[in-house]
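Note that subunit A is present in both complexes that follow, paired respectively with subunit B and with subunit C.
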Partner chain A sequence: MNLRKYLKVYRKFLHTSLASELEYKTNILVDLITAILSLIGSIFLLSIFFQNNGYIGGWKFEQALIIQAIYTILNGITNTWFNPNLTEIVKHIREGTLDFVLLKPIDSQFFISLKKLNPSGFLEIMLGFLLLFFCIRINQINLNLSFLTLSSITISCSICILYSLWFFISTTTIWFVKTWNAIEVLRSFLYIGRFPLNSFSFSLRIFFSVFIPIAFITTIPSEVFLGLSVLWKILLEVIVAIVFLITSRKFWLFALKFYSSASS
Partner chain B sequence: MIMISNLINRKIFTLLKVQYSNMLEYRVEIALWAISGIIPFFMLNIWTNNNLNEAINISDVLLSRYFLCAFFVRQFSVVWVVFSFEEDSLMGKVSPYLIQPLNPFFRYFAQHLAEQITRFPFALIIAFLFFIFNPKSIWIPDLSILLLSIVSTFLSFLIQFLIQSIVACLCFWTEKASSIERLLFIPTLFLSGLLAPVVSFPPYVKSWIYLTPFPYLIDFPANLLSGNETNISRGLSMQILWIFLLFPLFKKIWSEGTKKYTAMGS
Partner chain C sequence: MVQNIIDVRNLSKSFDISSKEPGLKGTIKHFFRRQTKSLKVIKDISFEIKEGEIVGFLGANGAGKTTILKMLCGLIYPSEGSILVSGYLPFRRKENFLKNITLIMGQKQQLIWDLPPIESFYLNASIYDLDKFEAKKRIKKLSEMLEIDEELFVPVRKLSLGQRMKSELLAALIHEPSILFLDEPTLGLDINAQRNLRKFLQKYNKETNATICLTSHYMKDITSLCKRVICVHEGAISYDGKLDLLLKKLSPVKEILIVCRSEEDAIKLKNSGFTVKNKVKNEITIKIENNSITSSLKTILNNFDIEDLFINEPPIDEVIGKVLIKNDYDI
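Up next, the complex of A and B:
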């Protein structure tokens, strides 16, 4: 692994995909409006839930907004990197162009996960951060060093888990060829990351922390923001993130053994 | 006259048969599609688990029926014509369709209907599982109500199909019409009643929402089928009104667009 080489290659990826995406300028504007409307919509939905209740699952409205902010940031990251790249795997496998990726003298997972970039997701990330700063003000959170490190650790773990989930499903394409719809299922499950985990019934809570660890993705970082988090939860998230990353890597290498290109 | 209608019938029937066998090939995908529509059940879980429904005077049972019906209505009114049309027009596949003496949107229409037929058993399985976990909410709707709600679900599907077809025709002018569709999907998602029944909306939204097409897409058919309170005559007439408003618009934009269309390479 030569880090400098990979950085250099990544800079080229950035350059080419930005150049090709900026051709569709109105598209980016439309995507920005979509992101704003979608945030307004989910705050509207949240306000309906809080219309007659002060608390949902033990969370106040201002606190639940933090979850929305983190969800928006993560969704922006998904739209910028995961979605454009990992849906590309399906295309690579259907058309047999994965061969060209495998032949390159570069790690195939790196190439496949970072080749493309959708700049309109940046706007969503920025929107999420704006909401997050607003939440920090209205919840009167003190920014100090330990808080910043803990929150950045948990958020990066969330990103790792999210990436691994996407990569897992995209990898199964090698066997099933068409997995658009499996990605759609993942998306709809991820949707519940917009709400505090405690607002669901016990059985769903178990399901979303054991089978699909969506609970970890938004709830734990938000708890860190509110200073409610306990150390073992953060440690657990770190462990889950590492396990997910390693298994997704192993799974990719395992799946590649079953890849027979389009005409052989 | 009879011959013409026979011909049209035969065309539609053949198209449906072809598309149905086409769809049967992708059973697993359609099953996954059905699963990806289960968000209403998560929402139901939030509502009942936090006793939010007490404030809007809907019992647990009626609310769970509402969300089950919302799931069903959504299953049978999903439209993706803009994505198919965008792909076809980018690939230049629209040109041969235009030569045929049949509007290509009939083809997409048949595709959607065939997919709904394929989807039906999976939706039933999900409903069955729902009743196992939630036996209190089992009910049998009146035959007349059932028929009416099937009609209104179909009308809701027609409205969404027309809206998306209009957006799809924008492909003649811009290459990526699907991003406009994604934009339109946001108000549909939040205002149609898929995530929360329209009754629960705050008054400042309720005052104007019934003039838009959104509550008639999911909220109205779902209320009808689940036996919740709703204004049947207003709902159906608004649905028909929107179809009458959208159809000429579609015809106009289609004829303008085909004039504008230049195939790849010509």
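Up next, the complex of A and C:
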């Protein structure tokens, strides 16, 4: 793979997406306001759950805020990259414009996963980081190298798992043509990621760890922040992320053999 | 000797098609128990195309023209048979193969809707690994050939269909491909825009010796661009050869309207052994076989007092259209 070429193409993707989005100023403004209101609403909802005894699943409100911060960062990433690109796969397949992507001398997964960008998602990422720094202060977390490395690794793994899940569902469009509902279900499950895994019953904990690994996406990085995580959990998240990435890639290449293009 | 750039042998393609009975009952049945059947849309076809050739694919809707083009450019996997394009197996979509081809579809677009076409051109240039200087040079050359200038800087959504199609062509040709697959490129364009596009394709073929495979329902596209046509009927090739020859075979006679000086001359002509289509006063329409036109006209001009004469060729759309539906020619 020619890395220089891919960087050059990605720079062009950034440029064209920003230029396209900036054509509609009001839309960006509305998106920005929505991101702020959504974060305020989520924190308010979280605080209601903690009103009774101050604990949920053994987590204090200040600790649970870390999960909210990581969720906000991941949601920002979802809105910046995954949502504009991966929902477009369905459109590409239904309308047959995937033809243009497949005939370009560039990796098709790279192209359809990164071509677009929604700049208003950046604000959500920034808000998420601001909340995270606030949580680091109130929870008196000691910022050292091993902490930064582990938290970066776990957050990166969360991004990979989330991307792979979404990409996997979008790929099934090649057979099922319409998969909007499945993507909506995935987004609904992600909302669950705002709460500590321990706050759910045992069976739900198993479901969210094994079948839909939402637990890996927010809870494990948060445990790293609070020094509660154990090494095997971090290793497990890394393995899950690698397996998901490789599987989604292989599944995409396999699915393309069944692509029949839309009729003209 | 000119080499074959496309080589297709015993190619077939089948699709699983689901069918549904009408009405609510049919819809519910279709939802729970989908009936699918395998439909062979391309049936054991073979042909070669030489470098620099412009070949038109003719056929009614659903005949299989677009499926053939999509298999040639590697979008669809063939079910049986082999395809070699420029020495590559298309469906492997190797980088060097993709740099050599392009697909233009009249009804689909790749330009970024909210931005001027120039942005899409530079994006494509980076995908084809062209540096900025080379991209600029090629955009300038192609925009001059396509006669577009200011339109390059206007958002695509504000361009007319003709301007958009020209921009689509530029975006698809920025990497100077040697094989062009065009699927109804003039669809929806007005007569002038169609003519300009054809002029451009002729010029591009002449200057670059590019091979062009074209499907179109506008016969003018086929007659002005293609010397060779491949007729596809229900997934099989029913004719592969020169367009001239096909037309001669399809319409072996011409109609000639002769205006005589007097009605007596017209009556004399009517009784002189020609096949008469109709006669109104001093005007008579006769049918003459293509291979005896010159001698027959000589006889008429020498033996009758003729005021005027018109040779009518049947409209090509009509001739080929009938054949594509009935598939009743035997060549």
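We take it that the second predicted complex is superposed on the first by the 263 of 264 C-alpha atoms of A that agree within 3 Å, B and C clash if a C-alpha of one lies under 4 Å from a C-alpha of the other, contacts with A are read in each partner's own complex, and residues count from 1 in each chain.
Here, contacts are C-beta pairs under 8 Å (C-beta built on N, C-alpha and C of every residue); 3 or more make two chains touch, one makes a residue touch a chain.
None of the values given here were measured: they were computed from a predicted structure.
Participant: Pick one for A:K257: touches subunit B only (first), subunit C only (second), both, or neither.
Facilitator: second
Participant: State whether A:N144 touches subunit B only (first), subunit C only (second), both chains, or neither.
Facilitator: neither
Participant: Between subunit C and subunit B, which one touches more residues of subunit A when both complexes sit on the common chain A?
Facilitator: In the superposed model, B touches more residues of subunit A.
Participant: With both complexes overlaid on chain A, does A:S199 touch subunit B (first), subunit C (second), both or neither?
Facilitator: So A:S199 only meets subunit B here.
Participant: After the superposition on A, what does A:V30 contact: first (subunit B), second (subunit C), both or neither?
Facilitator: first
Participant: Just to be sure I follow: which residues of subunit A are touched by subunit B in one complex and then by subunit C in the other one?
Facilitator: On subunit A, the overlap between the subunit B and subunit C contacts is residues 24.
Participant: Subunit A touches which residues of subunit C in the complex?
Facilitator: 15, 66, 70, 73-77, 93, 95-96, 98-99, 101-103, 105, 107-110, 112-115, 119-120, 122-124, 126-129, 155, 183-184
Participant: Would you mind writing out the residues of subunit A in touch with subunit B in their complex?
Facilitator: 24, 26-27, 30-31, 33-34, 37-38, 41-42, 44-45, 47-49, 51-53, 56-57, 176, 178, 180-182, 184-185, 187-188, 191-192, 195, 199-201, 204
Participant: In the complex, go through subunit A and note every residue touching subunit C.
Facilitator: It comes out as residues 2, 5, 8-9, 11-13, 15-16, 19-20, 23-24, 95-97, 99-100, 102-106, 257, 259-261, 263-264.
Participant: Across the complex, what residues on subunit B touch subunit A?
Facilitator: Touching subunit A: residues 26, 28-30, 32-33, 35-39, 42, 45-46, 48-52, 54-55, 174-176, 179-180, 182-183, 186-187, 189-190, 195-196, 200-202, 205 of subunit B.
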